[in-house]
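What follows are several structures.
Same chain, two partners: chain A is paired with chain B first, then with chain C.
Coming up: the complex of A and B.
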């Protein structure tokens, strides 16, 4: 997936010509969908209120959760808890995953030693670790951080590893020939050279973190957005379900955006990589 | 990076890695540092796996649960492919459709598939319909995106040549656009299958009354760590088999088109 992303994105056809048109059509589409939503739920009553909420129901659910709170806390508290767990799990995962990926990319021996273990653990989807995490660590934060760590760890290792392997050979040989010290070699050749792929890995890791967090909170939690979804499902409260989903989507979008900005800053020197990312 | 190491050395190191992983696990399990209820040894997990092949747990044997899971997966995945691939291709060919669908698609894509669980349960129940919708939510985006890319990045010279020679448009679609999108579509299917399988596991943990995920939740409720681990092994094996099958298909198609390099 990552490969295809980086290969194709730079081929936007006739971009400067179509951008304003794209935006206006997109805007119109979203407006029409909102109008249809209103018409189908409130105006014509095509969709039963118990199936999908009307805009007013969604709005009142939003007021409800921000004011009185729902499922054990108000919206800010649920958002805070979910965000905190994702950030902790994600940082923990990249702090362990990126160095391991660098090591595996650099040292053939480390690769030979570790890769087989990876090959047997990797096919197990991160979500399948949830029951085990609950058995081991209960329903609190620790279990969630464990599964998030696990889901974000694998993409960051694999992409960092691939990133090191993609560094141009002459660059490495030049560094060798000039007798670069180890530390400087790692910080000035290995990490920058692998950084476009490392960021691809981080993006995948971040997406995986959100998916896993929501799943883990749906299975069992005391607070968090997944908990809101779960309680709303049991209460048959469609307005609140939609509020929870929108909150998850906005958080996912915002964190991805932040990561993208960090990537732009970090890769500013590397114009080729930036062009490839569009 | 370092030089290649000889094959015998990498094989030995690989065995060493695996052996120390399993050895560490086994040692930790039999040392009673961790209660064996929570960390069974690999042998116990293997025993449990073979027992589950014949004995019922949570309403069915392991193959029974796997069959239930796989049936849901197949429906959800096929539905995603049947709707997603044509949609992606049409979006790639007709700019107006692209401009209309893309904003909606991008907005929906940020919702984690698993967050559809409450609505899926509300709309389609927890039997087979709900999980199918979750799998669909997981498998649909890669199908669309890759079909779209496949359609969009056809060599324009081929189309120009066809147009110049007056080829009718249905033949352009059938003989140029479709064949050149196939490799991208197949890799999209592979990504889809992985995400769909993962979504299925999530859905079964939350809403289901059969399937491997359900078996694992029951194992967790009964503090049967061996059952949970046996479930993980089964899920991993099926996922691996799916991925290998699609990878093989990908390679065969690439080779047939001379794209192999």
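Coming up: the complex of A and C.
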């Protein structure tokens, strides 16, 4: 979806590209792909229009859904509904997952108590909850939020837990030595200490949220990008399918990017520390 | 008050009968404002002694007390300087030093004054806003010492504080610690395996045996230091050349070598 990781991991030795250079190379790549796409579908006719849409068909599908609407609403409405559910499910998941991860990382007793439940639930693919969620909560928002919560909850718990366990022991001992009140210990030691891993968990949670939402909407929904994909498939409308896919990709990229910016801000001390270590 | 006392202290890691016996019948009293160094072969339990005073470990038998009160848990009255510095990497130098004072509910004006004073004393003033990783190892350990000293603790516990530093930085830090300790004496328990360091810094040096650790001998350095006027020398190398220093150092070396020999026998 995005090459966010490359910000941190740059294995190739050599000169770093400047940002404008990077952007221009990126644009060139996209242009070339579009040109090849046009050539393969319209120009040379290598791919039948029924299998994969041409750029023109895709463009007209975009005009179609933006103007008249498709699958029960216009593009803005579908985007709004999908985005709303992802944000709600994601926030719900991390608001429960991160504190639980902190608790498990901190208290051996909590870990012993909760871990067995996790071992049972974890192997169940989040999408397998969809039928049960629909059975319980119907085709509306509640079922989707529940499924997103199931899928996004696990990565935020596990990474937060690992983050707490990764805090250097002497750093924790220094905190005990300084006689920290409990709340301050949590907010000023435990959370910042675990935050690099917490953010990894949030990123994975966000990606899981999008995957699950699209799947849940495919199975049954009144609005949303998954609904667009589903209806377009039934209508044998490849242009619209591609529009739905691209919309999901852009939204996924944009939300991940936002999270990445928050991470850069919150972890300035850490990114700089990593850079200092080389 | 800063009297540290070990009374018939045993420490076994694991089950009492079958576990690892780290310490065997430790008896040691460190007087108020006295600087005591413990030296010993690695794994002899000297760090365990310090960790018991800090409240990170319990004694299996016997009592460890500070100011007559048996130790139950860690606390800011017993400030620790760790070998790996253990600064909070997400806090600036200033905030690292400030945290302990905030926990003690010191007023803001008072905190600022005390932090300014300690930053000045440790030559850290221009680094107040830096993050720890932006500083060298020696600078980071200065911050850790400042973080401990600013609390004005009864007892200062230093666990091989200069062990991770290069030789030159180490010497500078040793001289600074002497300066600090003379200016503002605290009860100090200092763990090291560097013999010169122990003799240079401490009033008394306790020599430990290999595991299970026992205290083999306690040497009075202060009497000789005062008689020979070591403190009139600024530089550590001048002190280290004195016959009285060499004599003490050699004595401790021999004592430790016997331990090494016993280990191989």
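By definition in this document, the second predicted complex is superposed on the first by the 245 of 278 C-alpha atoms of A that agree within 3 Å, B and C clash if a C-alpha of one lies under 4 Å from a C-alpha of the other, contacts with A are read in each partner's own complex, and residues count from 1 in each chain.
Definition applied: contacts are C-beta pairs under 8 Å (C-beta built on N, C-alpha and C of every residue); 3 or more make two chains touch, one makes a residue touch a chain.
Note that the structure is predicted; figures quoted are calculated from it, not measured.
Shared-chain residue A:113: touches chain B; no touch with chain C. Looking at the shared chain after the overlay, A:222 reaches neither chain B nor chain C. Ranked by how many residues of chain A each touches, chain B and chain C are led by B. Within the superposed three-chain model, A:59 lies out of touch with both chain B and chain C [touch as defined at top]. By the document's definition of touching, of the two partners only chain C reaches A:174; chain B does not. Across the complex, chain C meets chain A through its residues 54-56, 73-76, 78-80, 82-91, 99-100, 102-104, 131, 133-134, 147, 151. The touching residues of chain A, when paired with chain B in their complex, are 1, 4, 8, 11, 13, 18, 21-22, 25-27, 29-30, 33, 50-52, 105-109, 111-117, 120, 123-132, 134-136, 164-165, 167, 172, 207, 210-211, 214-215, 218-219, 226, 229-230, 232-233, 236, 238, 241, 244-245, 248-250, 252-253, 256. Within the complex formed with chain A, the residues of chain B that make contact are 1-5, 9-11, 13-18, 21, 38, 95-96, 99-104, 107, 110-119, 121-123, 142, 146, 149, 152-153, 184, 187, 191, 197-199, 201-202, 205-206, 213, 216-217, 219-220, 223, 225, 228-229, 231-233, 235-237, 239-240, 243.
Listing the residues of chain A that touch chain C in their complex gives 168, 170-171, 173-181, 184, 188-189, 192-193, 195, 269-270, 272-273, 276-277.
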